[in-house]
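Shared chain: subunit A. Partners: subunit B in the first complex, subunit C in the second.
The block that comes next holds the complex of A and B.
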């Protein structure tokens, strides 16, 4: 019986125009989005390699960093950007140390994203990446597919005829769900296979080091879960209503709320509940702390100069003491800001998880290495880079103040190789650990909506 | 007759649950959006004020700018409730980079705001532009999808047509009733939103210009809603069942709203590829260094060959220069000329690279923008972003501000920091008034006239869309065969 209803549903769907729409949209948009993402990655990779090469040409030694505009550390683009552009446009892609030798360690590393200004239009309209195609187009198609699955048959009276025979209700709803799921996921899988071929043609390797298969598989699982969630939501609403048009309108409003309104509201709610001071203000506060520290250090050094027992060792000891104080003060400021920002982010993430779309969008950014984990990783890389610059470059400046002036000299090894920012890699296991709660929630949404549809269908009164 | 049909449409729509949904959505989401954005603006404004205060405290004089670097800040837009636009990508400040030398200050854009709330970048903002572009357009279509197709399906249209009712009266009345209903519901939401802003003491009530822009934004929203009402009417006239009308409408909406604008950027990137800013910045820095090397070589050559000074030691040269020695003065003059010549050469070359790059980028952006105009959504969101000072005109204005800030720093510091170099010694910078007030540039928002000049094609296209859709639905309705 299951097989017969399953086949009937498949045939009905194949005979309708909807299947054509799904196939056209899937088979065009998904490979196109992947192709655009792949090309974009190649352009960015070229820009990154070219910038790195040009920078390395002029910054071979410590001396080059001192006299040629400071040190720079670049963030390589993510090869999985075709899955989700995520925060890539706003996460800094360049870290610059001060171009002056005046600043004393710990130096301020300026983080900037010089790619954001060339992507104003792309950002204004949003990217056409896989995450957009799945979270918006595929979920919309899931609704288009399922809104009439039960209510349409109620309206036409065919459901009454089916249930007039000895057909178990669970078999009917299970067969309907399986048929709709097979068509939608089948079309999506076909599109993904085509996309993988596009990636191979673009020069990507699937397996081995640098292969994209693992991340694509992870993205595929998340995509199928979110499509399934909306399909089941469609069945639930369809089972609860008596007219196809009403179920479509309700679903449409649910869709807009879940993809457009709720995730946005979650961020704002978190901002209102747990406000965080701006990065700009933090930078100015750091500047103020640095100035005060410098002023206090200067007073102490002047005391040594005036004391008559003025030695390099004594001045160095005072400088080291103030450097430690400044480091502590900066760490305190940064820690406070990080704690506040992480608390706000966590709150927003938890609230947003009430929508299946958010459970899909944020994890996809992490899978694509364009999310917050990537930013945290880059910050750690920059921290190590800054520490190396402090030790080998800026911290090697020695000042000896005397009455009537100061002697400043570089005591380090100017011809030593310049420190280079080593970009760390986020392991797939860490990503899986991070996205697991969202994946489980998506499973829960699927179960919840399907159970709802199942119960509503069982309780349907055919009279 | 017209009045009768309008009243009938009104009554039908008001009894429908769609009206309740539309009213609830407008009365909740619009004021909520205003409240959220006003709160967000208040927080940002406070942060901006504190940042500027801290900066001003530590940057009172020219010497402070020389030691710590200078900056000019861009405040948040008070009209960001209309549209967040690309505000998260716009520079939050322009800042000097490194030492300010006689070669002129290097000024760069800095954006610290985008990382203040990364998730809002990921999920988007809930501003009026989003509410109207997505929610109101959907509501407009939900109000009209069955106005003709539904009547065809129920056969009530045949009954109406069987009487002596002019067809144009019917469609005009349906359009009028739908527009009035959606318009009133929307305006009620706006009024409630304004009341919320009034309670919060928002800046738009203290500035007539801002309030005027707000009203223009509301008018643009109404025009956009009207376009989608006519679009709904068109699709409804072309279909025989309400279900196929709504599904067709939604598919068109997804293509117009979600796919076309994104595709326009992709097409523009393929047609006009532009080098990355990252590479341009490095190329500029190489040009600058190359010029500095050439200048250095020429000055050393001058020192080695100029009669009267070539045999002087560093100490002798500076002693003679102070004493007014003619040869030393001539060398100094010649060196200044060489420095000036290289500064001009460097500026010209850097400006050329910038202009070339900007031109390429502008062409790419124009292609994207013109293609995106095929969608009424793009036209609308552009108008709203420019009105809110969070759009592309604001970015161009900040490019201008960057130039002005550079001019101010060059005027007060770079132009006065000429050094006389001889051997390995350099003496100079004495012309700078270190105790003079630090150079500053005041923020000037984009004027309404400039906004109008940028957005008039979008307004025109939006009006054309409205006429086209209505004319289409009018013709389709007149040609409808009731049999």
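The block that comes next holds the complex of A and C.
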């Protein structure tokens, strides 16, 4: 019985040419998106390698960094960027410290974002990556496929004809779910296999170091889960309504809300629940701390003057102490701001998880190494690079100057090579650990929607 | 007739819907093998409710339906093995051909592995044009759909057939052809329960005719009894009469 209904569903979708529509969309869009992403990676990889090569040509030693334009660290592009562009557009790809021969070395690493696009018009709509294809097109197709699965048959009267036979209702809904799932996932799998061939043709390797198979498999699992969630949601709404058109309108509203509104709303909600100080307010606070510090330092200096034991050394010591205190206070303010920002972002992430789309989009960026983990990793890499510059270039230069060296005679520590930004690699295991809660939530969405559809169908009035 | 096996039985069957409407009020009826029972009545008289109860689409408030002696409420799947159903507007899959529709419903009726020719034979039997066998059903007229609907009932080879106003909307020729098929099925020993508004055809084909009003079976006549009575007059009189009191 299951087989007969399963085959009927497939045949019906074939006959209505819906399968053709899905196949064409999948087989064109997915490989095209992957191809565009793969080509973009190659262009950016080439740009990265060229920039790095040119920089290294001129910056072989620490001396070069000091006298030839400062230190630069380049961020390599992610080979998995075809899966999701994620935060790539806003994460800087060059960390730069300006050349200086001042006594005091700079402590800030200047971040530049010089990402280039061949066609800026694309920035209005975002990239055609796998995340877009799955979260927009595949979820929409899931709705198109499922909205009439129950209500459409009810409307046509065929459900009455089916259930007039000795057919258990669970078999009907299971066969329908399995058939629709097979069509959508089958088409998507075919498109992914074609995409892998495209990647191989673009010069990617599947397995081994730098291989894309593992990450693509992870992306595939997440994609199937989100497609399944929307398919089951479609079946649930279809089993709760009596007319296909009502079912479609409700699902369209759900889709717009879950895809377009809720993830954005979660950010607004997080901002309201856990506000973060604005940059202006933070600046005012820093000024207040600075003024208080200055006032306290003046009081201390006055005390020294009044004590009659006023020496320049003592005043310098007090000034140094207050400078250190000010630095600490600023660092504390920055830490607090960072913590608040992190808390707000985490809250937004948690709230947005009520939508299956959010459980898919952010984890996909992590899988593609274009997400928050990569951003944090890059900040750490830059921090290490900055510390290395401080330690091996500017610190030594300061020491050299203190020992009476001229501002142009610094040679560094013998022939020590210039520090290079080492881009840290995020392990696949860490990504899996990070995306696991979202994957489990997607499983839960699937179970919840399917159980709802199952129960609703068992109680469905077929009259 | 009473020696024939009892395939359909409604025993003190009542149905009150959630909104309080009493759609069926203590109905008792029996349909035996080789018998056609016609249920006449206005809209809302309880004819379709009776069929819905036999198909377990709705649970009875009181009473029991039996198909081939099996309690429909207790074991609906077993009971439905012995019954085929043809509705007023036989709704089929428009994008499927006639044969594909027949194949699907045959499989649901437990008939698997049938050859193409077996489907063609059944469709020939109901006088469906040969060229329509492999045509998509969405191009079919109502008469053609009804023929395909009865083909589904035939191919299932069930003991009992439930027909919900099957001749409604058919032209006289199509209705006549439909009744001829029913006569053949009756001759094969099927028990047929047919709800209809068509008094003339009910008189023509029915071995027994029951008139329903406000959920009650108010009158039952055999074919023999109707030879001496004017069914049209009886029916109209009942329809005009005062509403029944609960």
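We adopt the following convention: the second predicted complex is superposed on the first by the 380 of 463 C-alpha atoms of A that agree within 3 Å, B and C clash if a C-alpha of one lies under 4 Å from a C-alpha of the other, contacts with A are read in each partner's own complex, and residues count from 1 in each chain.
What we mean here is this: a contact is a pair of C-beta atoms (placed from the backbone, for glycine too) under 8 Å apart; a residue touches a chain by one contact, two chains touch by 3 or more.
Just so it is clear, the model here is predicted, and its values are computed rather than measured.
Colleague: Both complexes share subunit A, so when I overlay them there, do subunit B and subunit C fit or clash?
Modeller: fit
Colleague: Would you sort A:463 into first (subunit B), second (subunit C), both or neither based on which partner it touches?
Modeller: The second partner, subunit C, only.
Colleague: Who does A:36 touch here: subunit B (first), subunit C (second), both, or neither?
Modeller: A:36: touches subunit B, not subunit C.
Colleague: Looking at subunit A, does subunit C or subunit B touch more of its residues?
Modeller: Counted on subunit A, the partner with more touching residues turns out to be B.
Colleague: From the overlay on chain A, compute the angle at subunit A's CA centre subtended by subunit B and subunit C, rounding to the nearest 10 degrees.
Modeller: 100
Colleague: In the superposed arrangement, does A:1 touch subunit B (first), subunit C (second), both or neither?
Modeller: second
Colleague: Based on the superposed arrangement, let me know which partner A:11 touches: subunit B (first), subunit C (second), both, or neither?
Modeller: second
Colleague: Does subunit B (first) or subunit C (second) touch A:362, or do both, or does neither?
Modeller: Touch status of A:362: first partner only.
Colleague: With both complexes superposed on chain A, which partner does A:44 reach: first (subunit B), second (subunit C), both or neither?
Modeller: In the superposed model, A:44 contacts subunit B only, not subunit C.
Colleague: Based on the superposed arrangement, let me know which partner A:268 touches: subunit B (first), subunit C (second), both, or neither?
Modeller: A:268 contacts subunit B only, not subunit C.
Colleague: Under the stated touch criterion, which partner chain does A:160 make contact with: subunit B (first), subunit C (second), both, or neither?
Modeller: In the superposition, A:160 contacts subunit C only.
Colleague: How many Å separate the nearest C-alpha atoms of subunit B and subunit C in the overlaid structures?
Modeller: Superposed model gives a least subunit B-subunit C C-alpha distance of 13 Å.
Colleague: Identify the residues of subunit A that lie in both the subunit B contact region and the subunit C contact region.
Modeller: none
Colleague: So in the complex, the part of subunit A that touches subunit B is made up of which residues?
Modeller: That would be residues 21, 29, 32, 36, 43-44, 46-48, 50-51, 54-55, 58, 68-70, 74, 86-87, 89-94, 96, 98-100, 102, 110, 112-128, 132, 136-137, 140, 144, 148, 244-245, 248-249, 252-253, 256, 260-261, 263-268, 270-272, 275-281, 283-285, 287-288, 291, 345, 348-349, 352, 358, 361-362, 365, 372, 375 of subunit A.
Colleague: Within the complex, which stretch of subunit C touches subunit A?
Modeller: 52, 55, 57-58, 77-81, 83-85, 87, 89-96, 100, 104-105, 107-110, 112, 136, 152, 156, 162
Colleague: Hey, which residues of subunit A end up touching subunit C in the complex?
Modeller: Per the touch definition, subunit A meets subunit C at residues 1, 4-5, 8, 11-12, 15-16, 156-158, 160-168, 461-463.
Colleague: Can you list the subunit B residues touching subunit A in their complex?
Modeller: Subunit B residues touching subunit A: 18, 21, 29, 32, 36, 39-40, 43-44, 47-48, 50-51, 54-55, 57-58, 67-68, 73, 85-86, 88-89, 91-93, 97-99, 108-126, 130, 134-135, 138, 142, 146, 242-243, 246-247, 250-251, 254, 258-259, 261-266, 268-269, 273-279, 281-283, 285-286, 289, 361, 365, 368-369, 372, 378, 381, 385, 392, 395.
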